[in-house]
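Letters A, B, C and D mark the chains as written, and numbering starts fresh at 1 in each.
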Amino acid sequence: MADLSVDLGFCRLKNPLIPASGTFGYGEEFVPFMDLDIIGALVLKGIYRNARPGNPPPRLFETPAGLLNSIGLAGPGADELQGVIRRLSATTRTPIIVNVCGQDDAEFAEVAGIFAAMPEVAMLELNISCPNIKRGGACPAQDEKHTYRLVKRVKENIAKPLIVKLSPNAADIVAVARAAQEAGADALSLVNTFLGLAVDLEKRRPVFANTLAGLSGPAIKPLALRLVWEVCRQVRIPVIGMGGITSGKDVLEYILVGASAVQIGTVNFCEPAAAVRILAELEKEMEKLRLNNLNEIKGKLAV
Amino acid sequence: MADLSVDLGFCRLKNPLIPASGTFGYGEEFVPFMDLDIIGALVLKGIYRNARPGNPPPRLFETPAGLLNSIGLAGPGADELQGVIRRLSATTRTPIIVNVCGQDDAEFAEVAGIFAAMPEVAMLELNISCPNIKRGGACPAQDEKHTYRLVKRVKENIAKPLIVKLSPNAADIVAVARAAQEAGADALSLVNTFLGLAVDLEKRRPVFANTLAGLSGPAIKPLALRLVWEVCRQVRIPVIGMGGITSGKDVLEYILVGASAVQIGTVNFCEPAAAVRILAELEKEMEKLRLNNLNEIKGKLAV
Amino acid sequence: MHDESGRIEETRCLGENYYLLKVFAPQIAREAKPGNFVMLRVSPTWEPLLRRPFGILQSQPPHIWLYFQVKGRGTTLLKDRQAGDRLDILGPLGNAFPELPDQKILLIAGGRGIVPLFHYAKNYAARQPLLLLYGGRGAADLKLLAELDAMPLLEKYIFSEDGSCGEKGPLTEGLEKIVREQRPQATMACGPEAMLAALAGMLRAKKLDNYASLEAVMGCGFGVCHSCAVAAADGRYRKVCADGPVFPLEEIQWPI
Amino acid sequence: MHDESGRIEETRCLGENYYLLKVFAPQIAREAKPGNFVMLRVSPTWEPLLRRPFGILQSQPPHIWLYFQVKGRGTTLLKDRQAGDRLDILGPLGNAFPELPDQKILLIAGGRGIVPLFHYAKNYAARQPLLLLYGGRGAADLKLLAELDAMPLLEKYIFSEDGSCGEKGPLTEGLEKIVREQRPQATMACGPEAMLAALAGMLRAKKLDNYASLEAVMGCGFGVCHSCAVAAADGRYRKVCADGPVFPLEEIQWPI
């Protein structure tokens, strides 16, 4: 059997498959469908300092092979999440990644500090790329200067490995990636959702109160794969690729363009045991391609 | 029956439905499937001064609800196309739009001049947004200064109405739209295809010789609709919207966000009589919404 | 909760836009309770992407029955599927209507809202007094009457807005009188939002236990996507899929 | 050329990955010629987006028969469709193998490449001398032998790479001898690229009329998308869908 483990530099994962933030709840919801120990790591739903109600419904809109969401990071606050994490870490040895959010730089730093201090948390993912908070979809990851400043501030405050999650809606995602790297990010993850619009013909209004929403799912895969490839070529730190992954082949494609690991998002809604199927497919596909380990293909795209 | 006609300022079309460049051949191919007189106008496949072989195959790759293409504008040169246009204009009264291409500004201007001189041609569409010519997908529409210079030069040379076709791959599409408007464009059309990547796991190479390719089809609709909305809010000239349209409802959505007319692309491959079905759906949908004409809804999105 | 690979055994059109589906799904059938729902993958392709939620009309292991109205893309694809087709089906999901074995209960169903109440009646009509108030726009919305006739319901009150079946008018017109004359101890309702909101208003003053099964846009059906939020009377959101779909009528902020 | 709303009348698995489909499509059936193909919409959804090209195995108006091998996503969906399902089908498309009524012709089929040649044999075997050279990896690739036995073919030569059926080896091993002994005036071939390229090499020196039916990635099937380009010997591209799929063997730049 092939060796599925991957190296993120600061830690090794038993395999590259990581359920993405906001699509895997707090892990516990998936216990009826899988053994949480089988996945490489898992990212919890994004967390702010305080509980948030989220955006008014509707919050989801289906598009062809895609999904627009404007959840607005509904959920409990950091205090409550700590309890959830302790419970979760008692049920699985899979590394837990906390997706850190903030309405301003200070909140990002504070929330990061809280979870960096928890021994149950393996690493943090800094969500500077959520399009559903500010009107017009603005987020720190659209601006390389803001990204640099924010990542530096957060990083100075913590000892835990920090993944910085990038937005596909930046004018120049490579510049933002470099800024995060220079500021001390240990790894990058991309992409968050693409800004899209859905309208209601009868009401003559946007479907979402926030007007724009974030597109995810199979529809975005060719776009996300391109962005991951471009970033991988330009940075030295590990990259976690995502966007529309639904199969073992998709996982290998992201690794071929240079990703060290991947996240799976929307597919978890369609198929709660998606991770189990995708892992099995990944093994079969590696066998077909006669790969003994993922390093043999990582970043080997010949252009 | 509702009035489907639309006003582009410089001319009126009997309805807003226009098959998009590169997806409708030279019109004649669709005669077995429909009466060409029913559509509002039609755009011919992009044309250079001289015949081009196009990119080496494969040239198409299917993605979830989308299509990556790297055709590379295969086709005859401007001389041969003139004959085709004369034949076509003898068989239909539908306005003919020529999609003008060029490898440099001079070629754009020369080709525009040739077709502006033809009485059979109603207007020109300046294709400054094809991602399949230069490596990396670069095109004039990624840069507002280049767009301004090029549009001005072309426009100075011709008397025909000029539509400028924009790229979704620009860092700031609104800035490019404004540049085209300032340079004298009579209308804008958007979007051309989104840059995407497909890879071949066995060969460990990109699927396409040109590495990147252009994504079109239903998958891109929410992204394209957003860009059309943003541009419509910031320009005074008419906008022709496109990207993933497959239904009469889709047409109305583009008009609701501000488009004066629309183009349908990829759907013509899947369903050669798509235009007939979409027009029928458009009428039915207008009836359902009690619209007497399209002006009643054009640009009426309340945000 | 199972993600079961079921099989369509029978699909029957009950006139106009209503369809009945008999599905082989032994694990789900065994556990399904009245009020639970399932999420179906209407097509084996990635478009449409999301599963669609449907109530369970009845369950006789190894089968469950679904009853649905064609609304849009997903239900159109579903109606065209044939006996023998595989059907991915996730369930049973959500909570159930409470079992109140000793009480006299009024079931209130608007149109396809009959689904979970049919299930309730099927399971409990033999053991306790159940009344049914069932309304729709016309006879086409009230297709399950024959099957309901076969159940030992204490009483049935039928309303249709066009008068084509039962009394003419919205079912809310019958409510006051039924409650006054029959003195049920609880009501259980499912139907359009407007109907539920009206019920909430009318039942507020009465001393009854009232429950309603809600609908919402659902991305996952098992509590992770936060798309099915409904505003509760306490000003906070509930998840229809995980906290519901059945709620005490008073818990919800009406009109939603 | 019609975009016909056809109907699947029968679907039959011929072992392993091969399927036979009988489709009601009267307009296309009436016009179909050996060599023509159709483009099928394998699912009523937008994913998969593109139609898939398939040859026509035989045509008996109002029906056509298709014969396909499961390769990927589209053919997997197609094999699961059932009798009674609607099937959008565009055709007949492309050119046909030439009719050469007075000639002795050698048909050369590799695996599923049998499809257009089966059609040719079915239509013309009764009126002129036809030879068939048919090869595959094993018996599983040569499923139509029984049906071919029923045709008045002058001679059949069967090869399989694993020796499970007919002679062991690639069909190209039989070519020299057949041509020498039978002296056909023309050959018509369909099969994998490598096989066609090998044939082109072997037949170059012989004074025969050689034709081959090609495959290519097809976006539209009727000449508008330019995706099906194949390099010709003159250094220019041809469209397989509109200029072909049948080409004089010498017109193509081998190996493609």
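One rule holds for everything that comes next: a contact is a pair of C-beta atoms (placed from the backbone, for glycine too) under 8 Å apart; a residue touches a chain by one contact, two chains touch by 3 or more.
Because the structure is a prediction, the values reported are computed rather than measured.
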Checklist outcome for this item: Computed over C-alpha atoms, the centroid farthest from that of chain A is that of chain D
Checklist outcome for this item: More Cb-Cb contact pairs, comparing A-C against B-C, go to A-C
Checklist entry - How many Å are there between the centre of chain A and the centre of chain C, using C-alpha atoms for each centre? => result 36
Next on the checklist: Taking the mean of the CA coordinates per chain, how far is chain C from chain D in Å?
Outcome noted: 52
Checklist outcome for this item: Per the C-alpha means, the centres of chain B and chain C lie apart by a whole-Å value of 47
Checklist entry - Hey, what residues on chain C touch two or more of the other chains? => result 46-48
Checklist outcome for this item: Shared-interface residues of chain A (touching two or more other chains) are 63-66, 217-218, 246
Checklist outcome for this item: Among line, ring, star, complete and other, the chain touch graph is complete
Item to check | Residues of chain A that touch chain D when the two form their complex | outcome: 64-65, 218
Checklist outcome for this item: Per the touch rule, the chain C residues reaching chain D in their complex are 43-48, 77, 80, 82, 84-86
Item to check | In the complex, chain A residues that touch chain B | outcome: 63-66, 68, 171-172, 194-199, 201-202, 204-206, 211-213, 215, 217-223, 225-226, 229, 244, 246, 249, 252-253, 256-257, 285, 289, 297, 300-303
Item to check | Parts of chain C lying in touch with chain B, wherever the complex brings them together | outcome: 46-47
Checklist outcome for this item: Within their complex, chain B touches chain D through residues 22-25, 29-30, 32-33, 45, 53-54, 56-67, 69, 71, 74-75, 217-218, 246, 266, 268-273
